[in-house]
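The next part holds the structures, each set out as structure tokens.
Here chain A shows up in two complexes: once beside chain B, once beside chain C.
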Partner chain A sequence: MKSDQLILNNHQSSPADLAKSKKKKMNGRMMAYYLMVIPAALLFFAFHTFPAIQGIYYSFTNWNGINLDYDFVGFKNYINLFKDTAVRDSYLFTFKFAIFAGVLVNIISLAVAIGLNAKIKGRNFFRAVYFLPNILSVLIVGFIFNFVFTSIIPNLGEKYQIEFLTENILGNANLAWIGILIVFIWQSCAFNIILYLSGLQTVPHELYEASSLDGANRWQQFWKITFPVIAPFFTINMVLAMKNALMVFDQIVAMTGGGPGTVTTSISYLIYTGGLAGGEFAFQSANGVIYFIVIMAISVFQLKVLQKREMDM
Partner chain B sequence: MKKTVSLLAASVLSISLLAGCGSGDNAGGADNGKVKIEFFHYKREAMDTFDKLIEKFEKENPNIDIEQASPPDAGTVIKTRVSKGDVPDIISIGGDMGYNELSKAGVFTDLSKDKVLEKVQPAYIQMLKDITGQEKIYGVPFAANAVGVIYNKAIFNELGLEVPKTWDEFVALSETIQKAGKVPFYHTYKDAWTLLPSFNALAANTQGADFYEQLNKGKVLAEKRYKEAVEKMVVLSKYGHKNQQGVAYNDGNTAFANGESAMYLQGIWAIPEIIKANPDIELGVFPFPATNNPEEIKVISGVDLLYALSAKSEHPKEAKKFIEFMLQDENAKQYIEEQNAFSALMGIAQDNPTVADLKVMMENGAVTDFPDHYIPTGVYPDKTLQTLAQDKDVDSALEKIQKDWEKVQSRK
Partner chain C sequence: MRERTNWPVTIFIALGSVAILIPLYISISIALKNPQELAESALSLPLNFHWENFTKAIEVTNFFNAFKNSSIITIFTLVFTLLTNSLVAYGIARNMHRKLFRNLYYYFVSALFIPFPIIMLPIVKQTSALGLNNTAGLILLYVVYGMAMNIFIYVGYIRSIPIELEEAAIVDGCSTWGVFWKVIFPLLTPINATVGILTCLWAWNDFLLPLVILSDSADATLPLVQYVFQTEFGADYNLAFASYLMAMAPMVIVYLFAQKWIIGGVVKGAIK
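Coming up: the complex of A and B.
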């Protein structure tokens, strides 16, 4: 709203008659712009902001999700949150997962994108193949990989006498998270590759030519030219990959159900199961509020740090 | 001014469009003279049976239209629906903590004085009372389940084995099977809940008679009283197969059906699935030999399915009519035959020979409820047991169940 007023004010300062006709035109156009943005904003408010505010409201009550009445309990849920080991464990797991996922997704995506950007044969075919996972449903991919880990890999292990493959890693408390990580990376790379590809296409060819005249090798070209030029893409990819990993949910539903025990219970999975099936709606709402703040803080921090790095390069 | 109006109009329009998708199908009102009743249940295995019974009912009552709904993860779905005020007319769930919570939330009609309860065996009515800790009854118990040890008769004959009566015999038998190079139990530890049937059988027989009495006084005795059950769980976990941490329930049913293990620790609800996977299997069920005192061992049996009426149903008469229809001998019999369950009603026997041993005990009244029906939903004993099966650390499992239980109680 503020910026709109600013624009209007600017026009008032120009010569009067000109301003009038311009204003009329402007308002007509503004109307169209408003029509473009308002429906989406309303939808966003109705289905996102409003429930979020409701969640904050419930986080100060003791509602179990189904009772007709509830009381206000102040900050009790928030205090219990910091005492609860299940909540602490889910944060530890989620952060470990997000750090590994964020770093690996970016390394792999960038490597694949460089390959797909080169003049290889069947380039468009490979691009299509690498983009494919992005259009598949996460849940279905999860179920398919669940089957692969449960049946196909152990059977192969038995057949070829490879000891470490004969066990389902999703059932192993120490390794289950790696199974989820593999599926997560496989699927989220697709989108990050596309972003990196578009970034790589912005690198001017002349820079490579000039640098090769100066005797720079491929490795130097990558670090001194490619990487600095695509720095903004690195920033957005890092933030997106981290954020998605912090919110990991579907893969866990499909593959481990948070188990074995609770070792792969991510924060969002804990909020869902504890809040709905576990009858702790208000408590998990409080968890959701904290979780929202944490993700926002991490994203802002990443943007700040990485954007500063973009400047330095 | 004009612009603001049209702007408002645009926004109102877009909102009303949205509102349009929300309402409409859940009203359950009468269209073309028929009364629509929504029948929500959590028994996906029984959908075919219900389809047949509903068809029969609708023929007898052409003005009533029964709509069956059985989504996956029904326990969660029903809670979300209740929390937004959209309650189905008839709700069919098990007699467990979910029933307790929904009853206390005032979702169901009080049926305590209703004559539909006259047909029900008193033991199952008592179970519902125990679960809620109230005298009021909010559901009609219809079917009962039971936990035993499902065994492959062909393998038992081949190895010359006999059905064990005591815990020691049970362990010795497992040892023999393992020495013969066969798998005693096909554990399915990837699905945490599949640890609960054995745990229930062990805990119910070892936790002590006054466990629930103490619980109602606010005393949680899990750490001390579950010790024996948890220790025995560890023993059972040693007689499994190599990949037992990584196999889930459905795969377990198929594997047992194909003779990959001699025994299978599940409730009788798994039997239809096993027979579906291998119609030729010769199987039997023996009572879980939880202790060394065969006279005192009880079969674990709980209310597997009950019919509850929504307190806010717009057509309570029609809904009730359907429940009464389901309780008729012929229809109740059809259900237990097709689902291999026991009836909670009087005078309806399960004649399937596979569960004959259990039937004898159930008729003698040697029955007790599932202990996990009394554990608050936020405790998740199944997950703790899943960890136990891998780590075999009895003390930390007991401590975790105790602490989680106290934690959940203190937050209420």
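Coming up: the complex of A and C.
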């Protein structure tokens, strides 16, 4: 600080020159700032925004992704989307999956986080164990669970004569989605537990002591003290878990390939298979646009509703 | 007065962690057995270690090539992300009062809401037309796509750094670039750690982007190789699991040594 003062004093000898050079320097400074951000913005436009616009553009054509020529068909793809049973089924599956995943991931994560926050032995070890799934490849975890469901559990069922375990649930059209749900929960809880835990650590300890002196039980303590403090974490965890579940892809590839039949075909999996291999480039582009609008609407809706709840508490 | 250990909760937490560890135990156990031992029991402790599963998996999947590809992609993505994304965020953070920069901030961050599938089909065409359907293209996409999240994280952090520090350097005759590299970048170390960890986890484990972008199978990353060789593994699960373990091992080893640091970094990124 002292040396700055000295330099400032030196400059004061010629105020006119200073103003001039200062202006020049300001321009140079702004130039540098522009150089920092403009190329990045252009790259981002070229590889993110531009493809998104292209996707919207193609959604109004009948391009199959291979031929050189295509025609404009207006809203035909969009109208057909609403008539297409494969598309409808993929939305129903994905929503069902996301709702169950969002709720279960949050309940389990919060329960485990409260446990980890209690006075327990080996807390750091357990914290490290619970976070471990977050660093693993989703695809490979999917392959591992694939084997667990198709081979290990049925074998155990036969060995110990437990009827309901003998079936490979991934091969059952009614149960396959539960297999994917289990893998998703196994892996997604890791991140949410750690977030809840860091939220719980911000709850002042004195509040619990004071309330237990007032005769509040554990359940009341949770709803009156803990939950209001961690409400922002509930918001972010719910939004994140639902968003990830709505985008489910790797687990589908690793476990069911969208089957049996098409019962576990998620929206992103349908866009991938139909758009790149199925010759439905334009049709699935329209699907992508609708998908984008849906995810956007759900995220905004969740943030609004959950944040309002935070305010009310 | 010290609180007593809560044993019921400890047991509940311990049981839960078994649910996390069992699939990993099963993977190790299968990778070390031969098909007969696997047929007898998947869960029993492996008694004879069949290391040949690993040597065979290395051969079949050309493991070292995929390992090299994943490493190159992860390291270059990491370095370029830290150097460029922080710079962009600095330019934005110090000019948030200017309309252009503020709008650019919202432009980058709003991309967080755009799901990848809407870009997926066109970007495949675009990268192959530009000759970017390879490792270099993948690195470029990671660095560019990472900006949405990273700029959000960096800008919040940079705005908490007192501007007086920079003013002092400016008076000393530092250029804007000099201010960034000499004053700001060293101060970013904690948040660089966060961005670095998130970037590494993403680039190392990602499957969808390599799947759609890479056209030459010689460029395949570790997760992509597991997918490509599914048919080749066939019913040889011992081989497949040896391959899975080797693909996950590098991250797990890093995690064993740096778990506190990694967890802390990830939490900081999410709470920002």
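A few points about this structure:
The definition used in the following text is that the second predicted complex is superposed on the first by the 266 of 313 C-alpha atoms of A that agree within 3 Å, B and C clash if a C-alpha of one lies under 4 Å from a C-alpha of the other, contacts with A are read in each partner's own complex, and residues count from 1 in each chain.
Quick note on the criterion: a residue touches a chain if its C-beta (ideal position, glycine included) is under 8 Å from a C-beta of that chain, and two chains touch if they have at least 3 such contacts.
The structure presented is a predicted model; accordingly, all values stated were derived computationally and were not measured.
Of the two partner chains, both chain B and chain C are touched by A:G65. A simple residue count on chain A separates chain B from chain C, and the partner touching more is C. Of the two partner chains, both chain B and chain C are touched by A:F281. With both structures placed on the common chain, the touch criterion links A:T150 to chain B but leaves chain C unconnected.
Of the two partner chains, chain C is the only one that A:M36 touches; chain B does not reach it.
In the superposed model, A:G258 makes contact with chain B only, not with chain C.
In the superposition on chain A, contact is made by A:K121 with chain C only, not with chain B.
Residues 34, 43, 65, 151, 276, 281 of chain A contact both chain B in one complex and chain C in the other.
Across the interface of their complex, chain A is touched by residues 3-6, 9-10, 12-14, 16-17, 19-21, 23-24, 26-27, 30, 42-43, 84-85, 87-88, 90-92, 94-95, 101, 104, 107-108, 111, 113-126, 140-141, 144-145, 147-148, 167-168, 171-172, 175-177, 180, 201, 204-205, 207-208, 212, 222-223, 226-227, 230, 237, 240-241, 244, 247-248, 251-252, 255, 259-260, 262-263, 266-267, 270-271 of chain C. Residues of chain A touching chain C in their complex: 1, 3-4, 7-8, 28-29, 32-34, 36-37, 40-41, 43-44, 47-52, 54-55, 58, 65, 112, 115-116, 118-122, 124, 126-141, 143-145, 147-148, 151-152, 155-156, 186, 191, 194-195, 198, 236, 246-247, 249-250, 253-254, 267-268, 271-272, 275-276, 281, 284-285, 288-289, 291-292, 295-296, 299. On chain A, the positions that touch chain B within their shared complex are 27, 31, 34-35, 38-39, 42-43, 46, 62, 64-68, 80, 84, 86, 149-151, 154, 166-173, 256-263, 274, 276-281, 283. Residues 3, 6-7, 10-11, 14-15, 18, 73, 75-76, 79-80, 82-83, 101-102, 104-107, 189-192, 242-248, 251, 376-378, 380, 383-384, 386-387, 390-391, 404, 407-408, 411-412 of chain B touch chain A in their complex.
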